[in-house]
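Per-chain residue numbering starts at 1, and chain names A, B, C, D, E and F are given in the order in which the chains are listed.
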Amino acid sequence: MNARTDDWDIPAIVSGLQTLRVRSLENRQRESQPPRLPSRKVLSDIVEGLASALFPNRLGSGDLLPESVDYFVGHTLDTHLRQLQAAIRRELRFQAEQAGQEPEDCDTRAHALTRCFAHTLPRVRALLETDLEAAWRGDPAAGSVDEVLVCYPGIMAMICHRLAHELHRLGVPLIGRIIAEIAHSATGIDIHPGASIGGSFFIDHGTGVVIGETTVIGERVRLYQAVTLGAKRFPVDADGTLQKGHARHPIVEDDVVIYAGATILGRITIGKGTVIGGNVWLTRSVPPYSQISQAQVRNEEGSS
Amino acid sequence: MNARTDDWDIPAIVSGLQTLRVRSLENRQRESQPPRLPSRKVLSDIVEGLASALFPNRLGSGDLLPESVDYFVGHTLDTHLRQLQAAIRRELRFQAEQAGQEPEDCDTRAHALTRCFAHTLPRVRALLETDLEAAWRGDPAAGSVDEVLVCYPGIMAMICHRLAHELHRLGVPLIGRIIAEIAHSATGIDIHPGASIGGSFFIDHGTGVVIGETTVIGERVRLYQAVTLGAKRFPVDADGTLQKGHARHPIVEDDVVIYAGATILGRITIGKGTVIGGNVWLTRSVPPYSQISQAQVRNEEGSS
Amino acid sequence: MNARTDDWDIPAIVSGLQTLRVRSLENRQRESQPPRLPSRKVLSDIVEGLASALFPNRLGSGDLLPESVDYFVGHTLDTHLRQLQAAIRRELRFQAEQAGQEPEDCDTRAHALTRCFAHTLPRVRALLETDLEAAWRGDPAAGSVDEVLVCYPGIMAMICHRLAHELHRLGVPLIGRIIAEIAHSATGIDIHPGASIGGSFFIDHGTGVVIGETTVIGERVRLYQAVTLGAKRFPVDADGTLQKGHARHPIVEDDVVIYAGATILGRITIGKGTVIGGNVWLTRSVPPYSQISQAQVRNEEGSS
Amino acid sequence: MNARTDDWDIPAIVSGLQTLRVRSLENRQRESQPPRLPSRKVLSDIVEGLASALFPNRLGSGDLLPESVDYFVGHTLDTHLRQLQAAIRRELRFQAEQAGQEPEDCDTRAHALTRCFAHTLPRVRALLETDLEAAWRGDPAAGSVDEVLVCYPGIMAMICHRLAHELHRLGVPLIGRIIAEIAHSATGIDIHPGASIGGSFFIDHGTGVVIGETTVIGERVRLYQAVTLGAKRFPVDADGTLQKGHARHPIVEDDVVIYAGATILGRITIGKGTVIGGNVWLTRSVPPYSQISQAQVRNEEGSS
Amino acid sequence: MNARTDDWDIPAIVSGLQTLRVRSLENRQRESQPPRLPSRKVLSDIVEGLASALFPNRLGSGDLLPESVDYFVGHTLDTHLRQLQAAIRRELRFQAEQAGQEPEDCDTRAHALTRCFAHTLPRVRALLETDLEAAWRGDPAAGSVDEVLVCYPGIMAMICHRLAHELHRLGVPLIGRIIAEIAHSATGIDIHPGASIGGSFFIDHGTGVVIGETTVIGERVRLYQAVTLGAKRFPVDADGTLQKGHARHPIVEDDVVIYAGATILGRITIGKGTVIGGNVWLTRSVPPYSQISQAQVRNEEGSS
Amino acid sequence: MNARTDDWDIPAIVSGLQTLRVRSLENRQRESQPPRLPSRKVLSDIVEGLASALFPNRLGSGDLLPESVDYFVGHTLDTHLRQLQAAIRRELRFQAEQAGQEPEDCDTRAHALTRCFAHTLPRVRALLETDLEAAWRGDPAAGSVDEVLVCYPGIMAMICHRLAHELHRLGVPLIGRIIAEIAHSATGIDIHPGASIGGSFFIDHGTGVVIGETTVIGERVRLYQAVTLGAKRFPVDADGTLQKGHARHPIVEDDVVIYAGATILGRITIGKGTVIGGNVWLTRSVPPYSQISQAQVRNEEGSS
């Protein structure tokens, strides 16, 4: 390798990286290059497009005449469902490769899944309507429902989650996960697309909220920033491998309020109407209408 | 509905969404389509433009000759004040509609408000100068004031806040709020535009900080990540509706330091010179020069 | 100043801002305009480019044929190393000005540093491979290594950190810091580029994690959201100025697990194999294989 | 003026240009800055949008399902008619200023004109259909009607002209003219928007064609490159000023063919069915079914 | 149709346009929507990409190090051949529909054609090298070969033509034609992709040049602006339909020079070494080494 | 070469092209890669920027308040002069390489040339003002001076030419030539930057106009489309190489009018006040106030 002094010796680096790529494929017992995955940037556009089709006057083009709204919605759906169908096709091919199978009927199945997903959109919009109402009623700083829709990170996170959850249920979990991370990055709210969340759900501020894969949340639940609904421990197989996918996150019943910084871990049940205080650490079930608060802190007040 | 098998049945979905939009308008007793709101994307450009006018050499075009700086600043102001004026006009129309009034003189008032706002910019810049100095003095990892300006999320959040706060005071709170959420999304720092914050303010790291609408902060205050200055409870009206806008967040006097994860709730006063330890949960006032720290934790040390 | 009523009186504002700029330069004893700094936007492109060269099939163009991968990698490196070299040149000039020296040989040194940096890329890729494996093994929700690479904020943060750390070590800390803040903004994970982190490192969820400048982390360490590895106090000089750069953050030995919300402060050592429970507040060293958990919280269970 | 040697002395140049601008306003007896004109770039987008609404499958998004076409057309019209309305408002204000009048009802009139224009679109599309058919029948190199639509500069020029002509007739000639110049720049075909052109019109190759403001062209006329239909002389007023707007260009009756390079000048009539040969120079009327050809050229054949 | 007065009555226009689209499909005996065509914008990108792969230092990225050129070329080819393959697939499908056949093996055939085309690129580059040399030798205003490459419209037209001609020969004439029109629009030079042109070909200025589909041009031919190599008459079938595709344009032998504005029509032969004067109109063959010039013009000199 | 059947065999093509590049360098006796040339795209931006600084209200941002115009002009100049300086530096380096010299002082000389050029801008603007006036007075179809400025290709061509001519005179002819070709491509008007053109110059329609390098044009000259002011013959050296740069194009004195399609060749003089008719072919000088017209054409009028 006789690199000149005014270059960067790119061939050597390209070669070094190639060696690592080949080794990495071998480690994962892959014989050839992996199938492509849906792109995060494309999914970000899709989510933005679907959100503007759901709320065309607020999140779409701001200048729509009444006669134009349906054209906007129809055209926006057409454009973004087509992109989504391509993304789903990629995930189906990836799933086949992971399972060591030939990819079959990916085109047809991607179309059918996209169609199913499209028909959930009115239901998603109806649920989001209840979330908006809950935020407006639950936050004294909210000036209007419109402000909630265009400003609140909790609403942005729920738009993404309700879309991602439908995709997760339809069998394209990776796309759901990427959408969840788009919301996570923008809002600091990390909701796994597998989590099941009832209507009128409100997260205020939201930074640091974590809601795990198998969480189940009822109606009219309210959460504040930095709340964790997580797993307590991760069972392993006989050979030490993590068991994946079993129920390990809390069940939160209707009308529960959980204040900032509370950590709730494991497959426990928080009974209906319970209020969990800020910073509480909780790893066992509580009956309905409980009031859980933190141990007293020590205050060493100054005396100047 | 006789959809073909190779399409997504868009007309049915468009129709389903239209029904929901109409119902939603009815629920809010609106007879016609709502007035447009200022767009988040546009406000993001405006904030970036104003920041580059405030700090042209660091946040603006990096190649300005001395003879060019004022042209850059003047042109950048002109471009972004014009956009801001249009955004303010939208908010004024929205306010009128919310109040059930005819929008009057929105053009004239938007211009007057933009002009007032523009004249606050030198004061905003002077305040930010004290914030920069505070960060540089307060963080051993800061290599230079310039590094603080281009890197620190706390500074980015304060540029947005000081602009948003002026807009809030001038009577366009929704624009202020959207700007606050732009900062929140980028930094994880959530400062309501209503909060009043003195000079030489420094937030280190910042992720998870929440500062509520009616918070009052003095001079030379320092905060770390995940500090909450929040409300304790939300009084409701006789009919159960939240009372909006009353003072419900802490007053933090001069020279206070609040370490990471502390939660301070309610209209309490943190006396001058007080130091609040990490993770402290505090819901009552403390006198000047207090030292508040967390209760002792239990350590079960291993003994292998 | 006779401004017309239909303008914004821009000349007055430009003049007000100019006065402040001049005063600010004087305060910092600068005689002329400061040298330019590397731009955040450009560094963001560079990081994205380097990441796509490291993982061309997953983070680069998704449609590469086997015969095309090396062309993609080589061209992507060429483009982004050239940009990086320009950014490094700017930082070197800035360093000289800070030190009150004439900028010398900045072109040559920038090229040499870029070349050195380029040759670390295979090593960086190899380390990231261990991080990916650790995430895949450590999270029951992870469906595949590919999902980890395209979705997990912890991986995104480590790609940035491992690049930023090399640049920090080569003597361009400001570029390193800006890259760290790019990751911080996108993921809520704040790792100072000075921190030294071993292989197979995994951060789950990640929002609110802070890892300080002089932290040292061993192999196979796992962290959850909102963990702080911070400084306890900041020593000052005789004249009250902060001492910068001395070791003040924890040493975390191999195989340690630290659960969500734990705060670990000061130059203490967390012994090999220790598990730190959620929300723990820790300011002294613990021996290997310790199990540290939080004090018990008080639960006032409801009784409806 | 004490310019530094490392700058460009911008203030002096700005000042020099300002002096010229003021003098130019004075020369044209304008007291204040002129009203804005519609922007060429915006009009270019509008033309492209309208063309894609007229031919959605060929000039619009290439992937439309049958159920999506009308959504595409409706949304595209909505977007671009809104832009056109704003452009028309600008021209109306400019017209008022030119006429020394107050701009009145420009909003209302712009809307009414846009609405009228929109209703001409089906007629325009029907005419363009005949032009496409004429090109397909008239050129042995044309492989299909689709090829004609996506490739032929003559068709591109006619799409622009038929739109520009409607705008000209509705009283917004400046917008019409800018659209004509967009086509001229792209195709080399210069048709004044005032020209009246019947159906089934075909221009082959087209570069250098000029068709003047008061030209009248019948049905099924065919033109080749570099044909001029121009004015012979320009009458002047008593004071030497050009008389504007009177009929001064040819009338070309049905079924005429004019070969490349022919120049036809003045308010003459080319009778039905006439064929004009290449490079002919013609300044008087010819009866129907004439065959006009160039004078013989001298050929000095080589004999080496 | 009860349109409101503040809208444009879009549904009526959409409906009017739909009726015309349906009628147009019926007229062309198409039962369903036509297959998509390759997009002009995409082909414009492809041509630009291929040109930069052919001349990376002049038409590609201007900052390539020697070690980087091949990476640039390889990556640029990869990107644009992939786009070209997709465009070719579209044309093949369109051809099948035009022929009333089922589209078969379009994927495989598109790949094979793209591969064949790719292997012609070195030959195309070698031919263009002779064109550059001819321009440099033939124009006293040319300062260098580099100037010719980056400035001369004749070279730009030939880059497009030599690429388009290969595609025409491979059986994708529509793509070839669109590329020819891209050049025509940019340069005013209209060369049908079917034309066969030898090496060392030079067109100076070029505006208005037309070279027809079946033209054959030898080596070292030079042309000036506004030269037409066209067809004289278009034979029709018994039923009056144009006969398409037969040889109807001139054969121009080696070393011919044709000055500006000359018009040469029909399947005639211009013998080797002939010089055709400006504005000459020629419709019969001339032997080698002829000197053809225009008839004398009449000059009425003034006598003031 | 064992290419797979599903790729394009890129390595072989890359290698083929590399061989040709090397051979081409050898043919031109270049030992290393050529210096970079100014980019056409960048120069296109520069021209647009300078045009908007010259006519800020019409060609710049359309919404400038009186107080903002100078900021716009100053900032626009700053931005585009900086780009121009970089382009000039490239041309100077290229010139040195062409001359077989070391590039010396290119930075300093590029700055000095840019500064000189900048100071010609007021003069250029004043000349363009006379061109605008001439167009407005000379074309009965012109509705206003503003229409002329935003629509007329002749004006666009003259803005480019007057800028390019100053650059040509300052010794950066290649940049001048690229700018001339930008205008040529957009308007079909091909004016060599070396041509010297007096005030009040007007080209109507313009497609096909060619004005050669050593042309000299007086005041108040008017041209129509397809006029050529060209060279008659190109003298060669003893060794057959073209002599470059000597005077070979016409001198056109004041107040001359030249109608469409006229071809005027050689270093002849067209006397003051002469009128040249359409399609005239002229290769010898004419005295002042001549009236030159074409030979009579033959008309075979039909007689149906």
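In this text, a residue touches a chain if its C-beta (ideal position, glycine included) is under 8 Å from a C-beta of that chain, and two chains touch if they have at least 3 such contacts.
This one's a predicted model, so the numbers in the text were calculated from it and none came from an experiment.
Chains touching both subunit D and subunit E: A, F. A repeat of the D-E interface exists among A-D, A-B or B-F. It is A-B, with more than half of its contact pairs matching by residue number.
Ranked by distance of CA centroids from subunit B, the top chain is E.
One simple way to say how far apart two chains are is to compare their mean CA positions; for subunit B and subunit E this gives 57 Å. Computed centre separation for the pair subunit B/subunit D is 51 angstrom, with centres defined by C-alpha atoms.
Those residues of subunit A in touch with two or more other chains are numbered 6, 8-11, 14, 63-68, 70-71, 73-74, 77-78, 188, 207-208, 226, 261, 279, 294-296.
Looking at which chains touch one another, you get A-B, A-C, A-D, A-E, B-C, B-D, B-F, C-E, C-F, D-E, D-F, E-F. Contacts from subunit D toward subunit B in the complex involve residues 3-4, 6-11, 14, 65-68, 71. The touching residues of subunit C, counted against subunit A in their complex, run 53-54, 56-58, 62-64, 66, 69-70, 73-74, 77-78, 81, 111, 114-115, 118-119, 121-122, 125-126, 129, 137-147, 150-153, 186-188, 205, 207-208, 225-226, 260-261, 278-279, 294-304.
Touching subunit C in their complex are the following residues of subunit A: 6, 8-14, 16-21, 24, 28, 32-34, 36-37, 39-40, 94, 98, 173-174, 177-178, 180-181, 184-185, 188, 190, 192, 194, 207-208, 210, 212-213, 226, 228, 230-231, 234, 241-246, 248, 261, 263, 265, 271, 273-274, 279-282, 286-296. Contacts from subunit D toward subunit A in the complex involve residues 61, 63-65, 67-68, 70-79, 82.
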